[in-house]
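One chain, chain A, appears in both complexes that follow, with chain B as partner in the first and chain C in the second.
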Partner chain A sequence: MTEAPPLLDVEDLTTRFYTGRGVIGAVEKLTFHVNEGEAIGIVGESGSGKSVSALSILRLVPMPGRVVGGRITLRGIDLLALSEREMREMRRKHIAMIFQDPSNFLNPIMRVGDQIGEGIDRRELSKQAVARQVLEALQAVHIADPKRAADSYPLQLSGGQQQRSVIAAALVRRPSLIIADEPTTALDATVQYQILSLLGELQTAINTAIILISHDLAVIASVCSRVYVMYAAQLVESGPTAAVYRNPCHPYTQGLLGSILDPLERKEKLSVMAGSLPDLAAPPSGCRFHPRCPQAMAVCVAREPPNVQVSDGHTAKCWLYAARGDVSS
Partner chain B sequence: MTEGAKPEAVVAARADVAAIRWPAVRRVQDNWRRFCRNRLALVGLVLLVATILMALLATAVFPEGPFKITGGRLTAPNAVHWLGTDELGRDVLAGVLYGARTSLMVGFLSVFMSLALGIVVGALAGYYGGWIDDALMRTTEIFQVMPRFFLALLVVAMFGADIWGIIFVIGILNWAEIARLLRAEYLTLRERPFVTAARAYGAPNFQIIVVEILPNASSPIIVAASLQVASAVLLEASLSFLGVGDPNVMSWGTMLNSAQQFLRLAWWSATFPGLAICLMTLGIALISDGLNDALNPRLKEMGS
Partner chain C sequence: MTPILSAREVRKHFPLKRGFLAREPRRYVHAVDGVNLDIVENETLALVGESGSGKSTLGQLLLGLQEPSEGTVMWSGIPLASLTKEQRHQFRRDVQVVFQDPYGSLNPRMTVRSIIGRPLKLHRLGSPAEIDREVKRLLELVGLAPASAYLDRFPHEFSGGQRQRIAIGRALALKPRVIVADEPVSALDVSVRAQILMLLTTLRREFGLSMLFTTHDLGVVRYIADRVAVMYLGKIVEIAPSDTFFRSTHHPYSRMLLGSVLSPNPDAKLAARKFGVQGEPPSPINPPSGCRFRTRCPFAHARCETEEPLLRRIGLHHLSACHLDQFES
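Our next item is the complex of A and B:
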């Protein structure tokens, strides 16, 4: 464990949506941290609260939703206490976000170069200086013919080029934290790999911390040193990627790992997790995973499981380990 | 600022910067090329330019003005009076040339006014929503339900027929349409992911409204505005035709009004101003069509 204070510290983050159907808890008491220059991953099914967590950090949760509890501190600054103007400065200077579908997140009628330049604080820069930084950023993301890319409209670029441009727009400001929300989901497999290795490369090159959000554990494993697994708005397991990978403790994580295709291993039958995410407006009692859990016990229905430390830095929110690990909280 | 990129990349990038045609010049050239590809739009442009030339040439050709009696009453077109004369002996060509001035002025100034009002109101209402939207839209509706032509008549009758007054009235009558159109665009565009992306990099609201969203909403506005130019020209002509136009300014409507009684005796006194109205409004409509095609990036071809 590092001695230095973490770059981003999220504690008991709770975000709820106040809809006509009732209150939906999209994120419940999420706690995690990111150290300077570290890449962490958040995995979970669609609807498990990953993206809302990311938007909560940026304070951009869409309308009926609100961050109702917890603390988010970035380098000691409490983001939830900032004014809208101060928060804007934080976004501009420190946090960049990369979104899932680059074709939607680029303004269709602005040239790519102009859009990347938008993120640069141009108050004290000449046009040429901005243009140069844009080209450098495009070169850093290994886009073929950066000059042409800068001069193109988004629809003139391929999906991979678009996502590279979006990453260029993020890195041009040299943020201390990049949040990448499913950055490779919309791309095909070979491009996925390129984008992931690009993210890894940039992390070391400009020492940016990365939060990588994905539903794909394999994607996380290739970039991140630590991983957080979310299920139904809650954190169910967290720890160093290798430990979680080798020794998944929570039955949900086991299920997630079981459903990954391994080309080297011929499986008779791909294991599929039964059931689907519970209704977050009325989550199940006790452990939220118990209706789908193959190892559910009586206690799982009755009481919410504690966070159990199974090994160094590796915790699981599950009754299976409550007896043998040290129970925290 | 640039410590992270590889040195050779930096050098290459610097060399490229010089070659880049970065600013708006390139964009204007592109749009112009696409506009020219549309033959009808070019025809429209020729018609509009012809109208502008007529307006510019008016004082040079007829320094004494359009109201001067220069020949006999209702003379047919001849070598001296190319388009004939009207019932008072005024040259029809002079009237058409000076009328072009009035029409252009009324058309563009009133639309400029309705655009300015409509864009501000529509953008704020659509972007912010909530009570701002409610307040602005109720106001807009008040302006929309008023019967335009009669209101214009009423205002002109009450405050006198002054060309600036007419421009103002037409502007006031038209902005609501622009505002509603733009509000609808903003309502959908503000939910688009690229707006979230802009917020995520810390863009202030003003920048999002003006730089990110407005260009995306521009096509319907440009088309509506150019149609409004045509309708403003027609409205002014109609007011003048009914005899409530500015009597000190020659306009095509005024000419038609005085010509109607002599339609059978002197076809030229009504035909030429009428033709001028037709061609100018047609020209503007064709241009608006061409602009829509040229400015809509979804129709822009891939590559070059």
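Our next item is the complex of A and C:
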């Protein structure tokens, strides 16, 4: 599709947690990329490794976790090779993060406007200029009364307004990449809709790339052009959102789509995936989905499936397709 | 037919904390503000609303966990306040609850055996051996088979979905006629949510249970509900049989809720929606005058500010509280 090098290139990223119970592989050999100005989604259930992937990119994996392998490059810069100081600069200028719970992110005893202003490079700016930029950012995220919001403490704002403020704080830095981890999960349906529209709007307005992480395929489909599906620390399917939706290939993706309840279409029968997510300290042999897979074969138990290209830019890590497609790894 | 549970003009006001030396009059949160509702035999009624709409408080009022500030809650036509001791005993058996958070609703120090056996023991329903047999039967009923493998484990050894199964088993122990389920699947992963919804629908059919199902997820409503009641700031704004509700949604707030539903279908893009989502719910401390939704309603006019719309019949079993009906009929 695009010939330009991707903005972010992640290759074979592996992050493990060294706990008393043993080594837990939270992310195993994850490979993906984000182009400039593109919105991609990572979807998976809890424990799939989607959040740890995001934290790995920011090098914020909490102890006892560690990135143990792979390469992460942003515009050609190897993030894993940077010093702590250089990485901090990277996070300040280039990569912004939006978390699920805005009240955890915002400092409760600092005015919202001041917190947003912290992200502005004020070396050559007057106080007034900084204040003006803060108000502009609050306006850009459609807060009804920007002046009042800037002077408020986080607790004086509603959940939706807090999340808007967090987005405004990301916005003033004009980052090249925004990582949003379940940014709307804690919000009401109507507010979720507004925040997602806002993210889509900002993506085009300031040409930021977005990694949207969610357990909800519908959330991702509303903003992202490509989607990566994770299961038990591994990537199982990836491709253009429309292609994955219309022709889900991996049985896990099929199950995930089948268990979505759409109020616009009445479903008489719900397709239900049996079982639950495996223990990552001792993942199943072969394909990690085989204990829950309705189409599992002997080979699925014995050997890890390859990534198979099923159509242009659409791959599935599944033995069902290994015979007909070309195996990419 | 007498409804199993009904609410008549029920109000619940919570006083707000006043500061030391406060002079201003005490203020109240009007969590539930004049609600009429019936739950009849064999029906699943979904109570839909965003946070702060009062749906959980209404559920607690119907369970007798909260006393209404005004109005009456009735069980089989008898006001809860005037139940005799024996009747109260029977009421407690008849009406059971499943909470949203299966991590908080199960005692961490009790084994599954004692958690599910406890209601049976408290109501003196059998010898220890009989209770034990019943507990095993219930566990297998909710899909935790073989029961012997789970009986002596503690809640922390279970996943969220399994805990919710245990909570459902406990609710079924006393063979209730109604289960009040307060967002029972909101905290669960998509694939697990589908499993629990399946379980609930099977049990409901098998035992002829009635259910009051609180949720903010319209997809879940469409799947499980016979009848839908939409709440906004303490009031029911629309109530209708599920099919009617989704076919001819009437109240502007219900329409906004439906409009904010995301679909994974790439053909349903956010921007393409006709009905935009505006504003955020106002505070239930000072609700707007007249119609409470008027601050966000695209059709609001002068009358909405001065006169509160009442729930009016607009079709067979279909009620809506909006001044717009006047023009249409």
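FYI, the second predicted complex is superposed on the first by the 329 of 329 C-alpha atoms of A that agree within 3 Å, B and C clash if a C-alpha of one lies under 4 Å from a C-alpha of the other, contacts with A are read in each partner's own complex, and residues count from 1 in each chain.
Following the convention adopted for this analysis, contacts are C-beta pairs under 8 Å (C-beta built on N, C-alpha and C of every residue); 3 or more make two chains touch, one makes a residue touch a chain.
Quantities reported herein were computed from a predicted structural model and do not represent experimental measurements.
Novice: Please tell me, clash or fit, for chain B and chain C sharing chain A in the overlay.
Specialist: fit
Novice: For A:L256, using the defined touch cut-off, is the partner it touches chain B, chain C, both, or neither? Pick first, second, both or neither.
Specialist: Only chain C; A:L256 stays clear of chain B.
Novice: Go through the superposed model and pick first if A:K93 touches only chain B, second if only chain C, both, or neither.
Specialist: Touch partner of A:K93: chain B, not chain C.
Novice: I'd like to know which partner A:A322 touches here: chain B for first, chain C for second, both or neither.
Specialist: neither
Novice: Between chain B and chain C, whom does A:L80 touch in the aligned arrangement: first, second, both, or neither?
Specialist: The answer is neither, since A:L80 touches no partner chain.
Novice: Thinking of the overlay built on chain A, is A:V23 touched by chain B (first), by chain C (second), by both, or by neither?
Specialist: In the superposition, A:V23 contacts neither chain B nor chain C.
Novice: Between the C-alpha centres of chain B and chain C, what angle is subtended at chain A's, in steps of 10°?
Specialist: 80
Novice: Taking the superposition as given, does A:G160 touch the first partner, chain B, the second, chain C, both, or neither?
Specialist: second
Novice: Once you lay one complex on the other using chain A, what is the shortest C-alpha distance from chain B to chain C, in Å?
Specialist: 7
Novice: Given the complex with chain B, which residues does chain A contribute to the contact?
Specialist: 58, 60, 88-93, 95-97, 99, 101, 104-111, 113, 118-119, 127-128, 131-133, 135-137, 139-140, 146-147, 150-151, 153, 155-156, 166, 169-171, 173-174, 205-206
Novice: Report the residues of chain B in contact with chain A in the complex, numbered from low to high.
Specialist: Within the complex, chain B touches chain A at residues 1-2, 4-6, 9-10, 12-14, 16-17, 19-23, 26-27, 192-194, 196-204, 207, 211-212, 215-216, 297-298, 300, 302-303.
Novice: Going by the contact rule set out above, which residues of chain C touch chain A in the complex?
Specialist: Within the complex, chain C contacts chain A at residues 50-51, 159, 161-162, 189-195, 197-198, 216-223, 243, 246, 256-266, 268-271, 277, 279-281.
Novice: Across the complex, what residues on chain A touch chain C?
Specialist: 45-46, 144, 158-161, 188-194, 196-197, 200, 215-223, 241-242, 245-246, 255-264, 266-267, 270-274, 276-277
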